[in-house]
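Going by the order they are written in, the chains are A, B, C and D; count residues from 1 in each one.
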Amino acid sequence: MNGEFDLTPKMLIYIEFAWQSVYPDAHQEKPHVNFASDNVYGVHPSIMQAMVEANARLTDVSYCHDDGAAQVEAALSKIFEKDVKAFFVMNGTGANSLALSTICPPYGGIVCHETSHINTDECNCPELFTSGAKLITLAGEHNKLSPKAVETKLQGFVHGEHGPKPSALSISQATELGAVYTPADISALSAVAKSHGLKLHMDGARFANALAYLGCTPAEMTWKAGVDVLSFGGTKNGAMILECVVFFDLKLAEDFLYRRKRAGQLLSKGRFLSAQMLAYLKDGLWLENAGRANVLAAEVAAAFENSAGVRLAAPVEANEVFPIMQRHMFEGLQAAGAYFYEWPLDGLEADQVCGRFVLSFATPQDDVNKLTALVKRLGN
Amino acid sequence: MNGEFDLTPKMLIYIEFAWQSVYPDAHQEKPHVNFASDNVYGVHPSIMQAMVEANARLTDVSYCHDDGAAQVEAALSKIFEKDVKAFFVMNGTGANSLALSTICPPYGGIVCHETSHINTDECNCPELFTSGAKLITLAGEHNKLSPKAVETKLQGFVHGEHGPKPSALSISQATELGAVYTPADISALSAVAKSHGLKLHMDGARFANALAYLGCTPAEMTWKAGVDVLSFGGTKNGAMILECVVFFDLKLAEDFLYRRKRAGQLLSKGRFLSAQMLAYLKDGLWLENAGRANVLAAEVAAAFENSAGVRLAAPVEANEVFPIMQRHMFEGLQAAGAYFYEWPLDGLEADQVCGRFVLSFATPQDDVNKLTALVKRLGN
Amino acid sequence: MNGEFDLTPKMLIYIEFAWQSVYPDAHQEKPHVNFASDNVYGVHPSIMQAMVEANARLTDVSYCHDDGAAQVEAALSKIFEKDVKAFFVMNGTGANSLALSTICPPYGGIVCHETSHINTDECNCPELFTSGAKLITLAGEHNKLSPKAVETKLQGFVHGEHGPKPSALSISQATELGAVYTPADISALSAVAKSHGLKLHMDGARFANALAYLGCTPAEMTWKAGVDVLSFGGTKNGAMILECVVFFDLKLAEDFLYRRKRAGQLLSKGRFLSAQMLAYLKDGLWLENAGRANVLAAEVAAAFENSAGVRLAAPVEANEVFPIMQRHMFEGLQAAGAYFYEWPLDGLEADQVCGRFVLSFATPQDDVNKLTALVKRLGN
Amino acid sequence: MNGEFDLTPKMLIYIEFAWQSVYPDAHQEKPHVNFASDNVYGVHPSIMQAMVEANARLTDVSYCHDDGAAQVEAALSKIFEKDVKAFFVMNGTGANSLALSTICPPYGGIVCHETSHINTDECNCPELFTSGAKLITLAGEHNKLSPKAVETKLQGFVHGEHGPKPSALSISQATELGAVYTPADISALSAVAKSHGLKLHMDGARFANALAYLGCTPAEMTWKAGVDVLSFGGTKNGAMILECVVFFDLKLAEDFLYRRKRAGQLLSKGRFLSAQMLAYLKDGLWLENAGRANVLAAEVAAAFENSAGVRLAAPVEANEVFPIMQRHMFEGLQAAGAYFYEWPLDGLEADQVCGRFVLSFATPQDDVNKLTALVKRLGN
C-alpha cells in the first residue's frame, strides 16, 4: 500500500497473511480466479460483525428512522466537511434513479455518457423513478464526458418544449471504463452544467476507489467541485447492501422520504443498514478496501501493459482493468480458469477483444498472481 | 472466523432453549415492552447464522442468479406442491407493487380493501410500478373483502374505457386488522374475480401467521383457492430482508427479471437473500416463528377480552391484536411503558380508541406477561 | 348550406329570441330526443364560423404560439380581473390531469369526491400525467366535498411517507351531480386545503353553467375563493375542442409548455383553438349558451319534481337533472324515445333508478317540451 | 353559403383551378414566403367543408364511437387491402407514443434513428405513454436506419435484464431528412426486427408524401413489408386534427380504447375527426395534396441543386428540402423574406449551414417561384 492509504495494523495482517485466509478454506474449493465483478465477492468481516451486533438489540426503530441512521448522517457530514442529508436506499440503481428524480422533472433530460451505468445497466429504472425523463447520451474518451461535448449538446436545444428540458448532468466516478474525473474535471463540467441551469449528479458506485486514487478529500471531489447530489456506494466495496443518496444541496432532499418510500427503496429493519455504514466508515475501512482493490488493479494492469500486443482501453485509475488483446489470448485466459467479461468497445480490429477485470477488496493476492502469471505466459 | 466473530456456540443455545431466551440479556436493557410492529424486532439467529455462512464463500454468482436462488425456487415449489417461479425483491412494498404490475395494465384497476397496505402504507408505489393503475377500494368487516361487495363493484363498471379496466383483485393474508381469509373465502373471491376477468394477488406479508392459524397447506391457501401471484414475506417473521414474488400462474412471470431490475428491486449480492430463505424454510422455522407470535397474540387478546369495557375490533387470527378501549386505559398502557400504535377506525365513540399490538417471534414472554398484567390492572 | 343551417342571418335571430330554434329543422330528422350528454351536440355556428375564418389566413404560427393564443390569454385575464396564464389542451381529461400535475408530486395525494370525473371518467389519466399520484376519495352530498370531511381526512395522515403526501384538493364546478359550490363553499374548502399545504384545483368542465347559476363574477368563483388552477372547459358548451388550463398562481405555470407537449396535449394548428375561444368569449356567447342550457334544465327539473313518486338526487343548479324514479317510468321514457343514461347512486330502493338528463345550449325547445310532456304523462 | 356549403364564391374557384390559387388573396397580405413547416398552413377547403357539414347533424354519438368512425375504419381497410383497426388520436406525438405503448413494455427498448421525431420532437411523450421505455438511438444516412446497424445494435444486448429489453423498431416514413424507405428497405428492416422479437412501427406523419413518391400501394409500404402498427397522419397534409393509429396486427389493438382514453387522446365530439378523415380520403384528396407538395419540393430542390456551392443533405423524396449552403446565402434568403428553419447537421464546415424548406399542399406556386428566383439570384 502506498502512503496515501493508511491501513490499520489489523488490515495489514489480513493482507499479508490472509487475504488468502479471510475466508481461509472457501476459495480453495474454487478452481477459478474470479475478476467478473466486485459484487461476486462477499462482505468484509468487520461489516458482517457489525450486522450481527446490531441484531443483539432486542428492538430498534424501524424504517430507517433509527438512531444509527442519524449517526450515519453525522458521520457523512463530517467526512464531507459539510452538513449533508443522507438516505439509505436498496441498491445502486435505486440510488442513481432516485437521486436523478430530485434534479430532473419528468419532462426533463439528463446528460450522461452513452456507456454510463444509468443508461446501460439499470434497465429503465432512471426513466421509471424520474417519471419518464430522457437520457441524453454523449460519447467521450475513457467514458468521461468533456465540458466541450456537453456545451455543444446543450447549445443544440433550441426548440423549447419540443424536446426534453435539459435539467441534469450525471457523471460516474469512477467511469464504467475505470477512469477518474479530477476535481478540476468535475468543476469544469459543473460550470457548463450550471450555466445552462442543470444540476450535477455523481454516480459514486466506486466513489471510494476514485477517492483513493486521487488522494483528495471527499469534499474536493464533490460539492466543492459542484456536485449537488451523490450516489454513495458501499456494496461493491465490502458491504452487503449499502447505498446512500447524499445531498449537498439540501433543498433537493425535501420530500425525499416520500420519494424513497414510493420507489420501494425503504428497508423496514434499517438498523442493519446503519450498522453496515458505521462499520464501513469506521477507521477508514472504506478507503482501505478501495485502496487494496486499486493496488491489485494496478498489478493486473502492469501485467497486461507489459504483454506484447495488448493495450489498455483506458488508464487504470480505480479497480478495473480493460485490456484490449487478441482473441486467442482472451480465450486462453478463460480456458485457464480466469473469470471476466468481454467488454463491448467500438473501433476494435476484427481479431481484437476487450476484457474487463474487476478487483475487489477481497480478491486474493494469489489469484492476482495467478492471473498475472497467466498473462505473462499467454502474452508471449 | 476469528474470535471477534464467534457466533456458533451461543447461537446453539438460543435455538435449544428456544424463545424464552432468544436474546437473553438484550431486552433487559430496554425499560419498555414493545408491540409497535413486527419489524422493530431483529433477525432470527439461525437466519443470521446462515448469512454469515453464506459470506464464507469467497465468490458467488451475483444478481440473484446464484445456485441458492434456484434452491429457493425448488424449496418453494415443494412447499406449494406445484412448480412455482419465485423472485427475491427488496421489501414488501416492492413485492406487492411488482406482483400487481404483472396482472394489471397501466390503464387497469386493482380492487382492494380501503385499508389494505397497498392503499395506505406503500405511498404510491403500486401506482408507480404498475405505471399508474388505479386502486379501487372497498370497505369490509375486519378489513376483509366480501365476494358480494366485489361483485357489486365490478358490475358498476359499465362505461368501458372511461374508467379503469378492472384487472386485479388483491387481498391481504392476514388482513391489516389481523383477520384471516379461509381457503373457502379465497375461493369465493377468486370465483368472482375470475368471472370478470381479474387475476388474484395475495399480499402475504404475514403469510406464515395466517397459515399457522388455519392449519391448512400452503397450496390450499393459495393456488388451489385461485391465487395467481403471491407476495411471500419473511422479513416480519424473523428475517432481515426477505420478500419473494411467487407465481403460480407461470406465464405471469415472463419478463419478470426485467420488471424487477427496472424497479430497482434487484440485489447484487443475492446470496444473502438465498441464505435467509433457505434458513427460514429449513425445518419449519417460518411456521415455528409464526406460531409463536400467534400464541402470544392470543394471550394478549385474552387479556383484553377479559377486561371490562374492552372489545376487539376483529377476531385475533394471526399475530396482531386490535383492542378498542377507553382512552384512559390506552394512555395508562403507554404511560406504563408499553409501545404500540393507535389505529384509525371508523365508528368509535368519543372516548374510545383502538390500539394495535403486534407480536413477533422474538417478543419476550416476559414482555407479554408485563402487558397482560398491565391490562388486567388498568381494566379494573 | 341548406336552409337548415344558414348561419349568419338567422344566428342573430337565435340570439335575440334565444335558442328556441338553433337548429330548427335538423332535429326533425331524429326520432329521438337526446339528453345523453352535452357533447352529443355540435358546435355553435359562431364558433364554427370563426374556425372557417381562421382558415382564411394562408399561414399562421403553429404549436399554439400564434397571436390568437396571446389574445386568448389577454381576454381571460380581463374576464378573471387578474393576469392569468392560459394554455390550450386537447380535452377535459387532459386539462384536469395536466393541471393536477402542476400541484401534486408523483408521491402526492389528491383529495377529491369519489364520484369526481377525475376519479371515475378519465381512466387513469390523472395517475399518468401526475406520474402516479393517488386520488384520495371522499363521499359528500350532491357530490360536493364538505370542509369538515376534508379536514377529517387530512388529519388522518399521520404516518408520513408511508402514505401519499396530501398535496392537492380538486373540486368539480358544477359537480357531477349537477350541484354548484358557492364562492363561500369554495373559500371554506380552500381554507382547509391551504392550512394543510394543499393547492386547490377546479374542474370547470361546466364552469359557465355554474357561473350562470351563481351570477357572481368569474374572479369570485375562482382565485378570490382560493382556486390556484382551473380547467376551463368550452367543449361541452358549444365549442368543438376547447379546453384551457388557467393558472391564477402564476408560478405553477412554469415549464407548463413542456408538460403540455410531453403529455401529447399540444395541437400544431393552434389557430383553430384560438379562434374557437375568441368566438366563445365574444359578446358573452359562453354565458348565453350556458344560461340557455340551465334554463332548459330547470324546465326538465320542474317536470320531474311535479311528478308523483319522483325526487331529484340533487338540486338542479347547472344543466343536468338527476331524477330518481320508479323503473317503469325510466323504461317508459326510454321506450318513448328519450335518450339519457342511468346514473349509479347508492341508497336507492330496489325498484328505483336514477336517470341523468343533460341539457345543451343546442337542445331544441321542442325536445324539452316532448320530454316534459312525457314525464307528465308517465308520472301519472 | 350556397346550397350545400356556401363557401364564398372564391372557394369554388380554389377547387376548380386547384392549387395555384388556393388562397389567392390571402397570401398577398403576407410579405413573406413561408416554408417553415407543413403545419403553418391551414385546412383544405374540402375538409373544412366536411367539418361544417358534420355540424349540421343535431346530435351524434360521442367519444369516437360515431358511425363515421366505423366508416373510417372500413375506408382504411379498403385502402390497405386488409382489415385494420384504426383509432383517432389528437396529434402525431400522441399517435406515435400510443402506438409504441402497444408494442413495447415499460422495461423495453425502442430502436430508432437518433434524429427521429419520437426522440427529438416529442419531449418525453414516448417515455410517458410507454411508462418509461427507453429509446435506443442509431445514426444512419439521410436519417434512415440500415438493417446492418440495427442488427449490430441488437446483438449487443447480451446482458439480459440489466439493460432494456429491445422490443420495438420505429421508422419514420418519410424520414425527418425527407428521405423515403422503399418497400424493400422496410422488409429488410422488418426481417432483422422480427428475428430478434421486435415489432415494427412506422411514423407516418408524412405517409402520403412518401406514398406519392414511391407510387406503390399503401399495403406494399406497410404490412406487406412487415409494419405492425402505423401512425397515419393527415394534419400536415391538409387536415386540422387528423391522426390515426392503424393496426395491421389486430391483437395489438386489444384494450387500445383504454390506452387512448387514459392518455388523454380521446375527443368527445369525434364526429369532427371522422368527417375530416372521410373527406381526406375521398377521391384521393390525400394523395393529391401530397403529390402537389412533393412536386413543389422537387422544384425547390432543383433550384438549390443548380446553385453553385449548394448540395442537398438528402435526396428529396417527399415534401422537404434540406440544402446545405454558405451562411451568406442562408442569411440572404431570410433577409429577402423567406421563412425556413436552420437544421442541425453534423459534419458541416464552419461557414456552412443547412436549411429546411417544407412544402405544403397549400404553398402558393407564386411563393415557390419567388423562392427559386431568390435562390438563383443569391447562388450566383
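Methods note: a residue touches a chain if its C-beta (ideal position, glycine included) is under 8 Å from a C-beta of that chain, and two chains touch if they have at least 3 such contacts.
Since we're looking at a predicted model, the values are computed, not measured.
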- Count the touching C-beta pairs: is B-C or A-B ahead? A-B
- Comparing centres built from CA atoms, which chain ends up most distant from chain D? B
- Message: Suppose each chain is reduced to the average of its Cα coordinates; what separation in Å results between chain A and chain C?
- Response: 53
- Averaged-CA centre spacing for the pair chain C and chain B, given as whole angstrom: 44
- Chain centre separation (chain A, chain B; CA means) in Å: 34
- Would you mind listing the residues of chain A that make contact with two or more other chains? 63, 106-108, 122-124, 128, 131-132, 161-162, 164, 258, 261-262, 266
- Partner chain A, residues of chain D touching it in the complex: 106-108, 120-124, 127-128, 131-135, 137, 156, 159, 161-164, 344
- Note on the structure: Note: in the complex, chain B contacts chain A through residues 1-2, 4-5, 7, 23, 26-27, 29-30, 34, 36-37, 39-43, 45, 48, 51-52, 54-63, 89-94, 97-98, 122-125, 128-129, 235-236, 240-241, 258, 261-269, 271-272, 362, 364
- Query: Which residues, counting only chain B, touch chain D once they are in their complex?
  - Reply: 63, 105-108, 131-132, 160-162, 164-165, 255, 257-262, 266
